[in-house]
Amino acid sequence: MIDQIFGVWNYWIVFILMMIGLYIVISKKSLLKKIVGLALFQTSVFLLYITFGKIAGGTAPILTDNVNEIYSNPLPHVLILTAIVVGVATTALGLALTVRINKAYGSINENEISASDLVEYHKKYHEVKK
Amino acid sequence: MTFIIKNLPILIVITPLMFSLIVAVLSNNRLAWILSTFASFLTMIFSILLCFELSNNSNISYYLGNWPPPLGIEYVIDKVSIIPIIIVSVIGFIATLYAHNFFILEIDRNLVSKTYSLWLLTIAGLMGLITTADAFNLFVFLEISSLSAVALVALGSKMDRKALIAGYNYLILGAVGATFYVIGVGLLYGVTGTLNMSDLAQKIPALGLNKSVIVAFTFMMLGIMVKAAVFPLHIWLPNAYAYAPSPVSVLLAATATKVSIYILVRISYTIFGPSYEIYTFESLRYVLLYLAILAMFAGTIMAIFEKDVKKLLAHSSVAQIGYIVLGISLATSPGIASGFIHLINHALIKAGLFMSVVAMGYYTLKRIDVNSITGLGRQVPITFFAFVICALSLAGLPLTVGFISKLYLIKAAFMSEGIWLPFLILVSSALSLIYIWKLIEGLWYNKTNSKSEKIKELPEIYIPLLIISFLNIYFGIDADLIIDNSFIASDALISGIK
Amino acid sequence: MANEFYIYLSILTPLIAFFITPLLSSNPNLRDSLGPIGGIITFYSSLNIASLYLNGEILSYTFFQINETLSISFKITGLGVIFGLVASGLWILASIYTIGYMRGNKEKNQTRFFTFYSIAIFAAICIAYSGNLLTLFIFYEILTFSTYPLVAHKQNNAAKQAGRIYMGILVGTSIVFLLPAIIIVWVLTGSLDFAPNGVLKGNISNEYVPFLLALFAFGIGKAALMPFHKWLPAAMVAPTPVSALLHAVAVVKAGVFSMLVVITYVFGIDFLTETSGAVWLIWVSSITLLISSCIALTKDDLKARLAYSTISQLSYIVLGGAIATNIAVQGAAIHIVMHAVGKITLFFAAGSIYVATHLSKISDLNGMGKSMPLTFIAFFIGSLSIIGVPPMGGSWSKFYLMLGSVEKDYLLVIYILAISTLLNVYYLLEIPAKAFFQPKRTNIQVTKHPLIVYPTFFAAMLTIVLFIYIEPLKHITNLISGNQ
Amino acid sequence: MDNIILKVCTKVLFTPIILFGLYVQFHGDFGPGGGFQAGVIVAAAFILYAMVFSVEDCKVIMPPKLNFFLLALGAFLYGFVGIVGLILGDPYLSYDVLGSSKEAGQHIGILLVEFGVGLTVCNVMISLFYSFANFNFGKKNND
């Protein structure tokens, strides 16, 4: 039982970070905070991959004269390098959109944005009625 | 020229990719358009060549950088993946041909060439998604295509600021979906040590009822279901399609979700196919089935009450995705084949519908909603004609592609589930007639006491439109090509299960 | 080869008219003459097809093979010959009449009207000669969609509402009921072709037969079985030539024709008798027949009354099919012809009254008989034919229907037929009676158009001719169920 | 920022940072390093310059147009090297045929590709910085 909890503590961290990130994405009204949550969520996945790749006592996988040296699996790291780039692109695009939204709506709060869209809709509707 | 034949699987991906980089730095918008059209034309030619290549052998496999799998990345083209390849390349070409007038109207002039760059990048991403046989590479292409698609959607903000919100929601949901997928891939990699799809398929059955694999399967399916807009994970779709710049709506509606559905099929049948009894539980099949039925009705009913025409079409897309997923969830050869048939046909139908609706918006310079279309049909007769053909095709009028897909879908549903399922399908498609008819009627009726002038229709807009409507009819009559290939594809998938 | 040429000719003529008509919009005379000319050509080829059929030659032609089991193909059947003759023959009359009506009434968008008129005829003839269920379904739907612009020709709100009901019921039923029925047949038998004694025998267990038949019966909304009859009265907003086309020639006849085809060539009369799967249909059609006759009594609008009368007459034909004996089906097939001629007379008359006086209420027609004697005499003759009084053609079909029900001992059906005949007498003869014997109340300007009056009178004469000249028709109907 | 010490230090450090970036770039062939790291390091030099002086000054030494061009060029280089291999008769992204021997080919290929990566990463960083640097995050500006 203790092993179940503390023996795999790295997975617990991944899991907790993941849930925090997802919770932020779902619950926060601020568009900026959502992106922060998303970044956290993605980072937790990076950790998950790296946890797989790590071998206790292993070093960087660089060829040396010592044939018996233990080294970590390099593939997850490479994959995560790609995933980090993707994550950066996502975050950058999200931030850029947030900036543009702020410019267009004067707010980055979801509720205020939908309220102002509603106002716009009603204005248009009344114009049609006139 | 043999190196072209030899390298076709990668050429269809890198042609749009490389051209997107060239187009990005151009300052002349027209030149950017010509180059993009050329690139998408080349892609289409390569895809068609690939089709011929494939008629000789059952699949073409390509090792990137000469690294053999499972170490290297493998690209595989087989009888299944050729279907979405043809859809994306043909629709991509027609949409690119069609795009120019709209982009210079709807987007800031100095952004047009970059828009084309994103556009080609989307096509490249979609092509990569289809061809790759590496689970992680698939994630990269998933993000390439969806990030560029998000940027394209957000570019609609010059016309309507809601495009920004639509793009933002698309981004967040898409990123969560892709991350879900990558979690699943990570878990699979953790237990099998490989990322190659066929290698995974070989190793998973040996693991039995491993919890990691079950969780991985769930995560991957969920992630792709978000991308494929399977009900109820579709909420990003209507706004994204509705507020994107017009050509982007055409491209995305016709291709993006189709490719995601193809991946859904790939995951559940190719990767988990050999261990089908263990992992693709009967229950999951039923989850998909019921979600598809809900999607059919929810999408249709939302479309009936929707005023904005582009959004209406997007809601109808949700319903149509329901039909496709329904066919696939039947898990029989005719079922999957009918899913593929509708995959192709719906791409043709929705491309035509979006093209004609945005053309009307272009001519009248305003957003098309149900009230503003009254009498528009006589002002733009050619566009109206194309719209009617595609709309009737959506409704499933005989001699159009919509009828063929409905015929096979109902047959497959009847053969595996009995009468209740075809009945539900038909009720929902009869309901879909309501919104189709609302549009046709609105376009056809005259405005009360106002003489409307005829609008001069532009050949560069109506020629691609007429091509699409012609295809809608042609493949409704000569449906052999689509039907046969869909059955070959579904048989190939089903044989993986056994 | 040379014989199949007649199939091409009869199908392609209206199609060519459809393509040429829009090109001739600047020359109304030439455009309008296309209708009668096309009608004569089509009728000529239909006659040839009929005589070839009587000589025992089976013409068939596959237009397109979609895959091994699906094809768009044409094949001449006994019922098809009858329906083809009716559709093409009455097209001549209707097109001449239409010219007069459209000009006399100064309607707008005449070119569009004629264009869709010919495509509707095209669809009707294709239905007549269709060789399998898929072809039948395809042209059934095309007929629905091509008649929509005709129904909603006036493009006002009333037309919009009516058009919605029309499309909603016809397309809705065909998608929800007819299409699955066809697919069930396809799955069960692996083919959709018509066969002289049905294809379902041995492929379906007996308890499902009524169910499948119900899908067909309600799916063919054009047969106007209750409760899917509403579209017919709704479609009355259309110009009268359209009503004539819808109620006498193309649409409703396509519906009952499809019903008979399904009963004889898909189920097979013997199979239905064995399984008694059509008994429920007898009662449904009888009820439709009675109720719609009663509703017709209450209608004061002339066209609405005729519409409900049509619903009840259609039920005769369905009833004939449902009784499922050779004689009853023969009666039903003859009734297709007789009712077509009779009802087109009545609608022509109604239309000429409308063009001449702009009256549409029955109560306004008092005493009009003196100012338009020819029209009302035609109306009277047409009514007698519908009622079934010799020497009008309608008597034959009722005679056969009664024979059929006697053969099967459905005595109640005979009573119902008798009651409905009495109702017919009341609601149809009331109109000429009022016109001739009531004093004229209002002073109304009467303007006649020769192209309207003569086709009307000619149609009325045709009902008498058909009574005498019944033999060839009997020959054809004898061949319907395959026993030479 | 008008701090003279910072300005002088930046001017002195600017070149060594880029040089270090290049070192990391080309060392990546044999040891830890490579395009990603090098790109970020070089970008850091420009970003430092922009922070100490001003974004406008930085835009003089690295105009946004050039920045965008180099960004595309880097990615293009990556793809193009692959295409060269493809034309010479090997699959895409196979570098064996680029040199006289397999090793030499790999060497040249990786070098070029990593240079492309470095170029792109560096310019992406700079352009990200440009697009966010001058933005006013206050309430809606009434333009």
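Note that the chains are named A, B, C and D in the order they appear, and that numbering of residues resets to 1 at the start of each chain.
We take it that a residue touches a chain if its C-beta (ideal position, glycine included) is under 8 Å from a C-beta of that chain, and two chains touch if they have at least 3 such contacts.
Please read all numbers here as calculations on a predicted model, not as lab measurements.
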By C-beta contact count, B-C versus A-D, the higher one is B-C
Distance between the CA centroids of subunit A and subunit D (whole Å) is 25
Separation of the C-alpha centres, subunit B versus subunit C, in whole Å, is 44
Dist(centroid_CA(subunit A), centroid_CA(subunit C)) in Å evaluates to 67
The distance between the C-alpha centres of subunit B and subunit D, rounded to whole Å, is 36
Among line, ring, star, complete and other, the chain contact graph is other
As the complex stands, subunit B meets subunit C at residues 392, 395-399, 403-404, 406-407, 410-411, 414-415, 419, 422-423, 426-427, 429-430, 433-434, 437, 441, 444-446, 477-480, 483-484
Counting only contacts in the complex, subunit A reaches subunit D at residues 60, 62, 81, 85, 92, 95-96, 99, 102-103, 105-107
Note: in the complex, subunit A contacts subunit B through residues 18, 22, 25, 31, 34-35, 38, 41-42, 45, 48-49, 52, 76, 79, 82-83, 86, 89-90, 93-94, 97-98, 100-101, 104-105, 113, 117, 128
Subunit D residues touching subunit B in their complex are 68-69, 72-73, 75-76, 79-80, 82-83, 86-87, 89-96
Touching subunit D in the complex, subunit B uses residues 3, 7, 10, 14, 17-18, 21-22, 24-25, 62-66
